């Protein structure tokens, strides 16, 4: 009978935990359901984003942008009829092995167009399925060149790794006046390694020297890496790593009194990163797609929305600071709507045909696609962490040249 | 004098400071049933384990059919700690330390004091697995059933063997579902399946009632006759030992204290002392 | 073998029905349909789970190196199958890599496009398996002497070391470092996977029922007795380890095929744990159980239970159905099985056993203590 | 590598963190012969509890709360997941441990939403920066090894000089005999988990003072490394676990310093395999022989 008791205990524990979790989460807002008065029916937009795994945090913030956009504009005019837009969110768990089934699940739900993903690896894994199904996909922040170059149905609204890496190299060499750089990337992350590759290439072309190092997944102590950077005489540490590691690196750099600048990529544009820099003696500069304050109406609107929605706030890391990925998610949604309008149909094939011609002025700037399917972007925002306020300060807009 | 099957010379087994088997020498000839007896903790099973390769002896040599199969002498740390005698006798001979399966392959099969049947297997499979040793097929031919003839032959032999030992009717039962006596018998059948020249039984009658013991005695006698087997056995049941043994070795505290025919042993004062000195409970 | 028993006939019928089902799926649904993806992935997991069961369930060696061997197979398959023309793109940071041939292309040149492509892919899969087997041979020498839990942790460590090597930039021209390998061909639809995995599992089944399989089980049941009965422990353990790793490697290759991209990062110890738990839930020592659970597990996780994560499940909307709930539920179920139904779904029974006329009262599912 | 000192200081600090977790592994292994895979996750949960409690209550309440809740968790895991399997084969127990680890991670994921939880209110004083021999570091780096040493001394006293400690030693020598001698096996085992979890909680508080956030995977790597440390030192031996942890912590940081960071984890595992093959009992472990 002890067994029975244990079983009951285990179940009770689980239920209790589940109950607490449920009550604290509040109602998850599926805002599209609220306005079901439109005539034409429903058009589904697939959201292919990580909600779990290493990129879970970033993916959730990206989804927030889409959900807010959906809240702002829940309907779309297609071929003279008004359709409700319904977001179909599927978790791809960050990693490539879960990409195909998540993508297939989206196809199964009959979406007209797909948004996402946050990371490139899983986008490529999903891309094969989208291509099979002939459903267009709009990459939001997947910056690897191969996402679009190898997949006919993939388009994207962000800049690419070669561009971002070069921008940062230029910024470090020209603006910061540093000739010796140290890079740190996670072993096994194609995103990190790709950016480091382009950064190194560009930085060396400018005449600088670079020391490359990798850290294994799951590392928490970065003190020795910072010491290595100091020993190498680096004036800047370039670490295009995921949010969690970015925080750890800032922490270690501050503890070890690293005097140069920490350079981050778009993954660093996250309120948790900037908060961890607050009150510390560090210099953090990053490139990103969007600068908070770039569009006052958008900023105010989304902040109000986030503040009124407990779940959204949790997913945003507990405050209302707007990350660039959120703005990008927002823009991606509207690009998808533009494509649907231009297609005049909810048929994926028609949307795919219409997508290359879309031109949309989003909060992150003008979005148009080139022949490969990449956004024509020639400038990135550079932001610096304000260690007093714990917010990002705008520094400059930097191009490649 | 008939052919010598097993020969132990100066076998010593020392664990740390404890000498479990001390300078034991014995011989078994073809066709004999020899018993190794002694009070509890005398070192009988340890002797068994050194013969079958489970333990590496500290010193001494075991020969099987005239060929040395196990040999060692005190080395390393044991050189200083060694408490036995004849440390130098085998010091210049190469050390032989085969694993138990190699020894079984030479033609020596054993049973265990605490029955060690394969629990999830049927009676038939328990015996069949023992035939694995005699295969000529490799893993590929076995997997792709290119060894049908061999497999069929082995199955036939197993069926025959089960018939002989009287377990045919339970061949598809799980080994562990058999009554105790039959499990013992199955263990012996399993050992016989490896086609040994020497059968080593470790307390085959342990835990048996008198009737079962009588049956076992008859059974062992039959095995000797039918298979023309040489048998070494450890046993506590004196009835059984005196009944079927040709010769008896008695050890106490690892040392050989007496050896001879049952009649000689029964009247040996040292043996009586050794047994009376220790309460026998088996 | 002369007269087929009733249960074997039914089993054959069930298997045939499954195969026909797979063909029907392929014919009626588009290739990107979730059902087909689920069948493919479940097939791959079945093979890997069965290979793990061969080692952990049938031989009693508790190894946690499965992900490492899958990694070897996956990379072998991908490296050998990427079309030459696409290598420059895939190995973008390593000048196209050092391997400048593609097995499917080579065989296509000899045997024609369709047959040659398939032959090339199968060869690559088998080579992946062989590489995994070779690796198992090498590490088996020292590692297999270890006792149960030490063996587990040593093989786990081995898999992690392997992963670090594959991500090492110095090996980039071969492995593409931390970056994805992709653009290699896939074998086909659900039916192709079912047939291929079916063949591999059938081979494992034949092995298990051969004299070697019986020896493995003897080692599991009682190592000392097995050795005393002439089973060479070192040799047989290594054999089981190598064969299991071979099929894990092949399974890894098929996983690569299914995923469309390969990255060393996927092959973490979490993957091994996942497979282990599938084996346990299916019943340690039951091939049918491993296959059945693979299908149940993959179908629930990838498809049927997704509603638990996205707000609505079986028509019920609840705020507790939010992200992560699915995994939480699955892990609670796993714990219940581990604790209270220790024999898993199948115990040590196989498919034909289910159709046997009942002789006695059925065995109890969980063994009460 | 310029200046060995910063790497050494850091290595000692990392070693101290590993040590506190490693003791938990070694205690449980010594008694149940079980690799408690869930121990790293208990450590992670302790970190999460610290994050939540320190955000809502003052330090003098939150620290005891972390300790108590973690101990309760460790106790519950043993009662719910290991006790029912006491007579089962060791493999079942290990599978159960893996299952518990999986369960804790997934539940933690569900409640945190998969987001790393920022450490907003680190324990004051020890989270401040100090300068040692001209090298800047956090005070916790220096506190960790000292506190570890103190706790280990206390633990060794506890094991050698209290009744329950003697019970633990007896049970680790021979489970069944100890039971026959009237030692309450269940309470001894529970006590083992309580002590292990307590140390993990202390470890977690020190560890996450150093780091800005607690992620659900935070327990994995330190847990695995600590386990390697326990094996390295001779599993079952407390001084062994501590020495092993410091050795691993220091060698890991030195490897990073030498520029082989790609293999810093791989090195740890390679060391594990070598130790297991060459000297399975580790530095201080006792040899156990099986009876045939």
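Letters A, B, C and D name the chains as they come in the text, with residue numbers starting at 1 for each one.
To be clear about the criterion, a contact is a pair of C-beta atoms (placed from the backbone, for glycine too) under 8 Å apart; a residue touches a chain by one contact, two chains touch by 3 or more.
Everything numeric in this text was worked out from a predicted model, so none of it was measured.
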Work out which chains are contact partners of both subunit A and subunit D.
C
Which chain has its C-alpha centroid at the greatest distance from the C-alpha centroid of subunit D?
B
Given the two chain pairs B-C and A-C, which is bridged by the higher number of C-beta pairs in contact?
A-C
Distance between the centres, which are taken as Cα means, of subunit C and subunit B, whole angstrom:
43
Distance between the centres, which are taken as Cα means, of subunit B and subunit A, whole angstrom:
71
Separation of the C-alpha centres, subunit B versus subunit D, in whole Å, is 47
Quick one: subunit A and subunit C, Cα centre-to-centre, how many Å?
33
What are the residue numbers in subunit D that touch two or more other chains?
80, 84, 107, 109-110, 113-114, 262, 265-266, 292
Which residue numbers or ranges of subunit C touch two or more of the other chains?
164, 167-169, 224, 322-325, 327-328, 332, 335, 339-340, 369
Flagged in subunit B as touching 2+ other chains are 54, 112
Which stretch or stretches of subunit C touch subunit B in the complex?
203, 206-207, 210-212, 214-215, 217-218, 220-222, 224-234, 239, 243, 285, 348
Any idea which subunit A residues touch subunit D in the complex?
2-3, 6, 9-10, 13-14, 17-18, 20-21, 51-53, 56-57, 60, 187, 213-216, 218-221, 223-225, 227-228, 230-231, 243-244, 247-248, 250-251, 254-257, 272, 275-276, 314-315, 317-318
Which residues, counting only subunit D, touch subunit C once they are in their complex?
33-35, 80-81, 84-88, 90-92, 94-96, 98-103, 105-107, 109-110, 113-114, 227-228, 231, 262-263, 265-266, 268-270, 272-273, 276-277, 280, 292
Counting only contacts in the complex, subunit A reaches subunit C at residues 3, 6-7, 10, 14, 18-19, 21-23, 25-28, 30, 51-52, 89-91, 95-105, 107-108, 121, 124-125, 128-130, 132-133, 145-146, 149-150, 185-190, 192-194, 197, 212, 214, 216-217, 311
Considering the complex alone, what residue numbers of subunit C touch subunit A?
30-34, 36-38, 41, 86, 89-90, 92-93, 163-164, 167-169, 177-180, 182-183, 255, 258-266, 268, 302-303, 306, 309-311, 318-320, 322-325, 327-328, 332, 335-336, 339-340, 368-369
